[in-house]
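When the chains are written out, they are named A, B, C and D in that same order, and each has its own residue count from 1.
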């Protein structure tokens, strides 16, 4: 077996390998440090932060669904200052890169927080969440319209020299249109996808199973939607794509690479198995070696489309 | 102790009450370097099916007893899909285990009288606490209620160790007829236990009633809470509940044990 | 146990009970006649038809996904004439109602076919598919824009006196907006939802697992998205909603009723169990009886929303 | 015969070759009123897990043999998630069965010589056909190829009934070294069988090669095709393939058996 170069670039950001953990599913890294080798993966994407602390939604906040789960955390976070003081020291020590996911409720808040994060040592890139379905103001609204998405992105880019990734929502009529508007700003990469808007009800009591009623669907259930979004954007645009949505095992990661992603985020699967991301990485490396590929890029956008259908 | 993520082996499986199973697991890693879980801590079990993503999430269970130098017992009520799958496990089967998780009960000084209050499956962690107390020479009193006699888990083992047990059933089929909180109210009327430590686990309504009582009698009460969990270790923020103060707390790592007055108000 | 009145009305259409089989999952009824009591259910919704025969997409056309499946049939159908001649005789004999699902590639084609179906004896209602993700022209395009959706619907309503139901796509930014435009035309009901756009790739070979590359995701995986769509539209509008998407067992049906649907369609679940719809109906009836409800409507829109979250 | 949807019981389970199992099912309903499935027909098995929606769809399998008045045997290659679950079934387990489905082979008149060509698991339905032919006094010749010897299913039972069997393996570990279509070409060179009936089942490339041969030698060939299926009975249009004429055909009910020239062109 040959050796494989696992390094990947997402615009100006270089990772030692393409596997990350998705925002909101790995806390601020330290939570999982006792169980798994966090240093093995390419990057930790933090739980989304805002300028000021946010309480989040009322309980219940999660519920299981067929091959997936709904969450309505409501972007609970301790705010920028506590984040910098209490969460960054652990993240700085990691050999994996740190990507800080963040959100605001106005364009100005996004820009302001980007500016503050710009000065934080150890933050390797920013991931702009314009796609969270769980908050009333901001969030999804920014990700649902190409002009707004682009203006948030531009505002962020103006305030930071760090690489910027924008995370998009699948809850739109035409994701390519949004992605194009964002890519045209010169952003370093696009993460596809955040959760699908969903809901569940206890049939017996009639109670909505989330305090916030509507939440975000994640897990393998949504993988076909995520792979489709990656494929559509990769076919249409020349931008680095980070694939996310329902990756549980390494073959799922290969699927995203072939669809057009150049890097990956493992999300809810970590709840089933803390080592999910690390196992995806290992499996991917072995697959690449066995297939004789020299680098991750050899798989990117290698999906073959059928001709005909006649035998 | 530090939690671990490991594969456990089912070593025993027994029905203890209607739809209620005792499952013993061998999980050496939980006991390495002489560490051991504390009463009130819990574990997450799963993936429930290795070859299927439905059901998707792991399930939390209190540690019910330590039954050997490398073994723990869980008490599992079969209430839905996940617990049905767990209930069909047989000795020799293996499954993922993450734990021990959570903070556990504040272990009271041996001099204090101890009152334990259990509603239904809430008895699970209180067995562990009672046994540890007995081992330290404390003889706690356990008030234990359930819907009816066939839902009660046998307590003779505890009694043999010196725990005094008072039972309550909603339908009067065993012990006091009524809620365990009512039984407790009756008992506490007759006895003054001002410096007693108390721990309760069970449905929210019961915990609220017991907290009211504790407030009136000056009992020092801790309650163990439940909520839906995804990660079990503080990362997903899915298990957060809001205390009476308005502050959000993660049940999996800020709890599951809280001071009753923090939860329900002073 | 009391008796339950299972009859439901969807605008001018009355069904003896609220359970139907979804378009494309039950052929033209006769395919399943040997296995199950088709007469038990409220209505059969036929596979979508067009004026002229349509070949459909190249193989493969289906692939399994976590708790669901993708299909890209491409609306294969024998065309109106063969449908009327060969499929209607069986459907006419049923004691269940017949709802004909249909599509066109222009507004005029929709209108034309509606006019032809209007004269067909035994057709109890029309279901207008403006939401199929598997055809290039027409299909989804009509369901993605409120104005277009409304004009297709109006064109159909002008050409038929039969009850008209419009089936919407979840692949839109704001389903309430589309539903409102359609409801305002005075349509009898709205079916929510058609499939989600998705895709899968064989990780080993890199081949797209559907001949058409992109297809429609159905099954329990999408149930949370469908329940959310029903809830949102039911909260916003006063229109009869037929809930569809991932119903496998009767508790799922109760969930949709509580969310705001007044009738239901069982789709892919029939592939797992031919009797799925009939079992849903039986379970629903027993549930209603045990709960002491006199009619299906007692459950509709009974979802309870949490207050607070403080214990 | 009319198909039924029923619960079948696993009555036997045996490994016949590498990753290849024989599973016997008791399914009385398939045999009621003296009916019986025909060679080339198949069944859909599932739901694979009653308590889980993942995997979601049922799986099609050819009828391999009829092994008793209420029993059928399937030959199952463990190639993925569904077949792994089916492979772990044990005698006594029950599962859903829909069948018999599809059209089956055109049973040839007893006077005609019969040549059967199997590639890999394609041998499954040809056992059934061969045995029925033997029962009518026809002694078919079976050409049967696989990757290597450990993938070949034993054929002594067939030989005992009078079937003459010629084997091929890609690696030469048993019989002819090469593809079964090459073996067939060699054999047909030496023998003229102008009015022979031939049936083939196996990978698409093999079927194409055999069709080319049949074309040249004037063999009357039927092929059994596979495709992904959802309903198995003509309702979903998921299994449609396009014939050489451009016409779409549902494999589940217009097939799985087709005239070779219809599929690959005259």
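The criterion applied here is as follows: a contact is a pair of C-beta atoms (placed from the backbone, for glycine too) under 8 Å apart; a residue touches a chain by one contact, two chains touch by 3 or more.
All values reported here derive from a predicted model rather than from experimental measurement.
A.B. asks: Average the CA atoms of each chain to get its centre, and name the chain whose centre is farthest from that of chain C.
C.D. replies: Computed centres place B farthest from chain C.
A.B. asks: CA centre of chain A versus CA centre of chain B: separation in Å?
C.D. replies: From the centre of chain A to the centre of chain B is 36 Å.
A.B. asks: Taking the mean of the C-alpha atoms as each chain's centre, how many Å separate chain A from chain C?
C.D. replies: Centre-to-centre distance between chain A and chain C: 33 Å.
A.B. asks: Once you find the CA centre of chain A and the CA centre of chain D, what distance in Å lies between them?
C.D. replies: 46
A.B. asks: Counting only residues that touch at least 2 other chains, which ones in chain C make the list?
C.D. replies: Those would be 58-60, 65-68, 219-221, 308-310.
A.B. asks: What parts of chain D, by residue number, touch at least two of the other chains?
C.D. replies: 53-55, 241-242
A.B. asks: Considering only which chains touch which, how would you classify the arrangement: line, ring, star, complete or other?
C.D. replies: Its topology is that of a complete graph.
A.B. asks: If we count contacts the way the header does, which residues on chain D are in touch with chain A in the complex?
C.D. replies: These residues of chain D touch chain A: 53-54, 204, 208, 225, 241-244, 246, 263-264.
A.B. asks: Taking the touch rule as given, give the residues of chain A at its contact with chain D in the complex, in rising order.
C.D. replies: 66-67, 220, 308-311
A.B. asks: Can you check the complex and tell me which residues of chain D touch chain C?
C.D. replies: So the residues of chain D touching chain C come out as 2-5, 46-47, 53-58, 96, 98, 227-231, 233-242, 248.
A.B. asks: Under the stated contact criterion, what part of chain A meets chain C in this complex?
C.D. replies: Contacts found on chain A: 57-60, 65-68, 70, 144, 171-174, 196-201, 203, 205-208, 210-211, 213-214, 217, 219-225, 227-228, 231-232, 246, 251-252, 254-255, 258-259, 302-306, 308-310.
A.B. asks: Quick check on the complex: what are the chain B residues that touch chain D?
C.D. replies: Against chain D, chain B makes touches at 49, 51-55, 81, 84-85.
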